[in-house]
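Only one structure is covered here, and it is reproduced in the block below.
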Amino acid sequence: MTSHIQTGAFDIGQRMQAMHNNHDIGAIVSFVGHVRGQCAEGEINELFLEHYPGMTEASLAQIEADALAKWPLLGVDIVHRYGALKPGDAIVFVAVASPHRQAAFDAANFIMDLLKTQVPFWKREKRNGQAHWVESRDSDLAAAQRWS
Amino acid sequence: MTSHIQTGAFDIGQRMQAMHNNHDIGAIVSFVGHVRGQCAEGEINELFLEHYPGMTEASLAQIEADALAKWPLLGVDIVHRYGALKPGDAIVFVAVASPHRQAAFDAANFIMDLLKTQVPFWKREKRNGQAHWVESRDSDLAAAQRWS
Amino acid sequence: MSVQVLYFARYREAIGQGEEVIELNDDIHTLSDLRQVLLDRGPAWQILADPRLCCSRNQTLCQLDEPITDHDEVAFFPMVTGG
Amino acid sequence: MSVQVLYFARYREAIGQGEEVIELNDDIHTLSDLRQVLLDRGPAWQILADPRLCCSRNQTLCQLDEPITDHDEVAFFPMVTGG
């Protein structure tokens, strides 16, 4: 169980390979979030991610612990980048290994829903040349509430 | 939208990278199924997958079309191996790209549920040195019925 | 009429062959009728009495009441277990 | 008592600083009391009146009625938008 908060890019293939480290694993579900090139308000030139060092790691560790209490998981890997990113860049990677597929799907979905609403990251987009802090979405709050 | 039915191994990192082919993609969810080394009945020495050439491809194409009608997807990739496999080998890969995360999670989950119940593959396990055809699971049928 | 019939997995093993072309009389209208012809062949074919038997016509899953016509490709197989 | 207070994202930008140590009187018992002290500082601080303000105590999310004690690390920030 690991989480990595970093500015640099990560190698998805290498992380997927590292997840499969024993023969009890029957299913691995991964999520990769990418910076999009467009949003409803226009073209995105750049994305900047601020976070709360210390609390970020602590809240991800808590979410991992909650997932492990809910499902029979054999591994969790989380990477989240901060700092300046460009359209197309991968922001976040979550992978979950389990003996069976539904646990892996549900746990990955759960981790992303909680990450979106409880982990202290904030996005600032440069759109059409102007910087804006991204607004939180009520749909993300609703998604997180399904699990409680 | 592609599906690949093959005997050989596949490169997960390469496939994940190929999925991210435009800047409207915000989320990619992947599923990898692996041969386990143990089951309730004992140690697994080998797995052999038989399929129905032609119908396999047609039924995967139908499942992809059904997923595209249900969710706003930007890409689907499916690989399924057949023939002789060993514990640890990856059997199946499903990846789905979408602007938003929940569509990607749901579509990948849907494709796996339907693949497990509608695509003509049959597993024969060699357990403790003896060959057995794997029994279908009622839980897989129930999972597939959620989507109808 | 003439249909191609395929068997897979443990059905194929029990029957001892994977495919054949069968000439059918005019009183055979559905996959269920065809299955009865096969069951009447003898002990090895009783595997097709499996209550969870699956079938397809021209590579599409169907029920046993599905009609068959000349040159169809029909298959009988156990419940699938891929993925 | 003395607490460290952190501000993030658009709160940090509006306030013009990311962290400070504040000495508090004995009549300050909760994060809500602390927020009132900050709001009383003037116009730039009204961003903390945000109805969707979030807060944490010692790096754990909490509500405004959370008690504070000496040497706590407290943070105020907008709803999170990572992932």
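The chains carry the letters A, B, C and D, assigned in the order they are written, with residues numbered from 1 in each.
The rule is simple: contacts are C-beta pairs under 8 Å (C-beta built on N, C-alpha and C of every residue); 3 or more make two chains touch, one makes a residue touch a chain.
For clarity, every value in this text was computed on a predicted model and none was experimentally measured.
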Worksheet entry | Those chains which touch subunit D and also touch subunit A | none
Response to the item:
In the contact graph of chains, the distance from subunit B to subunit D in steps is 2
Item to complete: Round to the nearest whole Å and give the separation of the Cα centres of subunit A and subunit C.
Response: 48
Discussion item. I'd like to verify one number: the distance from the centre of subunit C to the centre of subunit D, where each centre is the average of its C-alpha atoms, in whole angstrom.
Written reply: 72
Practice prompt. Let me have the rounded angstrom distance from the C-alpha centre of subunit B over to the C-alpha centre of subunit C, please.
Written response: 26
Item to complete: Calculate how many whole Å lie between the centre of subunit A and the centre of subunit B, each centre taken as the average of the chain's C-alpha atoms.
Response: 23
Discussion item. I need the residues of subunit A touching at least two other chains; which ones are they?
Written reply: 33, 101, 112
Discussion item. If a residue has to touch 2 or more other chains to count, which residues of subunit D qualify?
Written reply: 83
Fill in: Touch list for subunit B against partner subunit C, complex
33, 49-52, 54-55, 58-59, 80, 91-92, 112, 115-124, 133-136
Item to complete: Spell out the residues on subunit A that touch subunit B in their complex, using ranges where they run on.
Response: 11-14, 16-17, 20, 23-38, 87-88, 90, 99, 101-102, 104-105, 108-109, 112, 143
Item to complete: Please give the residue numbers of subunit C that touch subunit B in the complex, ascending.
Response: 6, 8-10, 12, 52, 56, 59-61, 75, 77-83
